[in-house]
Amino acid sequence: MERAVAAAAVLVAVSILGLGFYLAMESRFAFDRKFGFGFRVAAQTGDTAPLDPVGMDPNASLLASNLEGAEGVDEKEDGIFAPTLEELSGVSGTATGTLLVDDPKNFKGTLFRDDWRLNKSAGEGTTMLFCAYATPEYKERAIRIAWEPDASFDPKLSPHKLTLRLVRAPDGVTLDPISVDLSTNPKGEIKVPTWIAKSDDQRANGYLFALEAEPQTNNFFATLGAFFRTSWDPTLPYPRFGLLPLLLGTLLITLIGLAIAVPLGAGTSVWLSEVASPKVREILKPVIELLASVPTVVLGYFGLMLVAPAMVGVFGSALRMESGRNLLTAGIMMGVLILPTIISVAEDALRSMPNPLRDGAAALGMTKSEEISKVLLPAARTGLVAAIMLGFARAIGETMIVWILSGGTATMPQGRLSDIGQPTRGIPDTIGIEMGNVEFEMPHYGHLFLLGLILFLFTIAINMLGHYYGRRRQWQH
Amino acid sequence: MILEAVAALAIGKSLGTVSVKGSDTLLVVNQRWAEAYGKTTGGSVAVTGGGSSIGIRAFINGVADICASSRPMRESEIRSARSRGSIANEIPVCLDGLAIAVNQSNKIESLSMDDLRRIYVGQITNWKQLGGPDEAIVVFSRDSNSGTYGFFQLNVLKNQNWGPQVRFMPSTSEEAREVARTDGGIAYGGVAYFQGKKNIRLVPISAKKGGEAFAPSEQNVRSKKYPIWRYLYYYTNGKPSGDTKKFIDFVLSPAGQRIAEEVGYYSLK
Amino acid sequence: MAALGLDDANLLERDLKRQRSSQLFSVRLLICALISIGVVIGIIGTILVKGVPAINWEFLSHAPAEGMSAGGIWPMIRGSILLMAGTLLITPAVGILGGIWLAEYAGNGRLPQVVRACISTLAATPSIIYGLFGLAIFVLKWKLGTSLVAGWLTLSLMSIPVVMLTTERAIRSVPPTFLEGAVSLGLSKWQALRRAVLPSAVPGIITGLVLAAGRAVGEAPPILLTAGLYFSTEKLTLDFDTLSKPVANLPYHLAEGYRQGGVIPEKIIWGTCLTLMMFVLLINLGAIIVRSRQRAKQRW
């Protein structure tokens, strides 16, 4: 039997290791993520005309619009070949294309695309080539090469160093070297003298530009770096996995909850322990503890159906609330959630203070309030801190209240008071909401586990603090 | 070892019950189908939500008879299913069309898909820019909890970022309420949420600027003339058979499709 | 009569001030207490008032009908009971034995201290983390799928650390003389534990077990990722197959009902909220009564 006891202990130790281990293991998928980059590039009609909006429109490209209009490009995007001059005849523009090969000699028959878009890991570099020429009908003196980042792509966030470089000017054109840093100039244009391709074979002899993506770091650090950013938008084609808005959401909701529950809980526990008669205490304490066993999803619904509408009624115009589901409402219900925990633990701490302490204070002629604030509270300090930290630990991992009441929008707070009336989102509810809709064992899945790991680390840190603050206590609810 | 035995046991599927797993978008209509199917035929159907990916994963692992998904299965998922012996068979079960709603006082005749995109990414901020009155546009969207959010972002925004002024609402009924009381408001959602509501008008949408605009009526969505729509899918392992087939037949039957319409989708035809 | 000296007057005034501030302090404490109690009674009372009209025998004994807008919630109640039962079945094996180890065998060395710290960390770990773990291990790695078994394992895992800590506390609250006496009578340590210590600690252990399981069953996040079922027209039977199927249960019903936004009418939601709350509260109440009964019988 003793063996069984030891086995149970081993099992528990294993499961502790296992929990942390698996959170870390599953987060490894986060580091499989790719850091794509994408630019729409168009060679446009030169000096005179204004910048062609169609050519820069994500719905279309000059190439595509010249040929067949905006429609039908998306489906065939991978299959567009360089248009022949015959196909382009009657079109007064220029034509361009991207080659997904490194060797410009393979120009013929190569797939053409209207954008530079590749998914690469951060440690991998690449070069894409881009050819520009004008059709024989072209009258302008210059060709304009304009570029802008792909929808949702922010070059500043790219771990690659992205450069647009003129590799080769056509014969007979002399130009200074051109090299543009795309992280600082994500959108812009340059002009080059007109060069006309007189035959299909000549097309490849035009201007040749290269988009060079140079790795600056490896994928691990790039993923980690991107994780500590300010935008969480994992479903974009260039996904953003920034933890900070979620972390701030969780912390702010927790802080509001504590700001409500700590003073209220402290006052109540002092009253229960020092003022109320034993009989009253015997009845009221269990009643308050009853609240701790109300499932959090029920508290969430309570907030949704009663508190949220009331919040809009009271603060709606003052805080410019669109809906009752926001930081403040979530924080208030979080306060309600941790109130009984704080009262219960703090009251225990105060009750455990020996009576001579109280008698001594009375003998010194202290009033009740002086006795409490000058003697008892300082003496019970560790217990009170433990109560607060217990509340903190409880609030930071709470899922359902935040899920139901936060409004579900991951935005960075602007640092204004009206932020508390805005919808937000926390870490645990993000895990709960998104886990069902991710492709398993892919980067998004990995990032959700990374969020879980962060939450777990917080729990460990709070517990360590709790242990540091002296007496071991029961960290259960 | 015990756990492995339990695991082995758990993989075995139960007989007689059709299990439907997946998409939260489809959950409501799945439930109604299951209930009506149970009532008319006595067959039993178990419906689980959790999200399209949970459904697809269950399908790949062979633990669900039907995977409900609001998106087509990805190539990688189909391959992964095939490597485990499941052949993905795609069955569209209903049509989901999103209506665009504005306030009754708004006289705008139609919007193109591009106008919509520009409104939602924040390039157009005043109705004046679209030939309407000088009135700021108040843009409402569903929040990211919902499947329509992703659908709208992909198909209308072409995956661009939402504009800074977009207000995210937790439910389509709240969107409808806001649009009804905001003169410059615009919102999207299932047509059932807007139709017949006071102070709300549905705007006809054209695929291309200057093209013919269509209202989100049943015929227009079904004939794909109305541009904002998608299929919702069931996936089965190969051609459905037995109870699974019976259930899917019911879903595709006029009675089943009528239920889809009651929930706010469009029937297939 | 001598006039009061200035100092005395000051002193008196200060005394009065102190008295007054003391009274004010008491009033403030009372206000805090009243608000706290008001919050508790307000919430529980509101849920009672709003929920009771929905509750009748049909509500508790029938399945949902007409697109979740009518009928009852029996499948969800049954599912929660099943989840609870399984958790109570699995948790003690590890939880109680582990607690005994902590209390009697671990000692106070460095390693046991670390283990203890780990366990109290696990006891405070958010339930969504257990959900994640359950999803990764039980649902995906072991291929249990979303099923009752996966739910049991996840909820048990979540309860075990709490049960260990309460078991340890229960055993430690038995006076050490019990063990010493038994050992001095020639019993081995394990025999002594079983004969002399455990019987006295059992009520505390069971209370801790039931409280932990009850709390786990009220949590939505772990179930969401491992065992939830929205609706089924299947006949509710209990056999081996049940293990491999997901089960409808109360917290999942509420969570999914929220996600679907307005499908389930308010009245049913309040009724479900009340049922879930009473489910957990009654378990707690039962455990508390058992404990106080046993306390009354205690011989030391």
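Read from first to last, the chains carry the letters A, B and C; within each, the first residue is number 1.
By definition in this document, a contact is a pair of C-beta atoms (placed from the backbone, for glycine too) under 8 Å apart; a residue touches a chain by one contact, two chains touch by 3 or more.
Keep in mind that this is a model prediction, so the values were computed, not measured.
Visitor: Please find which chain has its CA centre nearest to the centre of all protein CA atoms in view.
Guide: Answer for the innermost chain: A.
Visitor: Which chain lies the greatest distance away from chain B when centres are computed from Cα atoms alone?
Guide: Relative to chain B, the chain whose C-alpha centre sits farthest away is C.
Visitor: Round to the nearest whole Å and give the separation of the Cα centres of chain A and chain B.
Guide: 25
Visitor: List the centre-to-centre spacing of chain A and chain C in whole Å, with centres computed as mean CA coordinates.
Guide: 32
Visitor: So, what's the distance in Å between the C-alpha centres of chain C and chain B?
Guide: 38
Visitor: On chain A, where are the residues touching two or more other chains?
Guide: 435-436, 440
Visitor: Where in chain B do residues touch at least two different other chains?
Guide: 24, 49-50, 54, 57, 145, 170
Visitor: Identify all positions of chain C at which a residue touches two or more other chains, and write them in rising order.
Guide: Where chain C meets two or more other chains at a single residue, that happens at 140, 224-225.
Visitor: In the complex formed with chain A, which residues of chain C make contact?
Guide: Interface residues on chain C, with respect to chain A: 18-19, 21-22, 24-26, 28-33, 35-37, 39-41, 43-44, 46-47, 93-94, 97-98, 100-102, 105-106, 115-129, 131-133, 135-137, 140, 157, 160-162, 164-166, 169, 189-190, 194, 212, 214-215, 218-221, 224-225, 250-251, 254-255, 258, 266, 269-270, 273, 276-277, 280-281, 284, 288.
Visitor: So in the complex, which bits of chain C are touching chain B?
Guide: 65-68, 140, 142-147, 149-150, 153, 224-225, 228-235, 240-241, 243-246, 256, 259-263
Visitor: Quick one: which bits of chain A touch chain C in the complex? Just the residue numbers, please.
Guide: Going through chain A, the ones touching chain C are 1-2, 4-9, 11-13, 15-16, 18-19, 22-23, 25-26, 263-268, 270-272, 274-276, 284, 286-288, 290-291, 293-302, 304-306, 336, 339-340, 343, 367-370, 372-373, 390, 393-394, 396-400, 403-404, 428, 431-432, 435-436, 440, 448-449, 452, 455-456, 459-460, 462-464, 466-467, 472, 474-477.
Visitor: Please output the residues of chain B touching chain C within their complex, sorted ascending.
Guide: Residues of chain B touching chain C: 3-4, 6-7, 9-14, 16-17, 19, 21, 24, 27-28, 30-32, 34-35, 37-38, 43-50, 54, 57-58, 61, 63-64, 145-146, 170-173, 263.
Visitor: Spell out the part of chain B that touches chain A in their complex, as residue ranges.
Guide: 24, 49-54, 56-57, 74, 76-77, 114, 117, 143-145, 150, 153, 157-161, 167-170, 174, 178, 208
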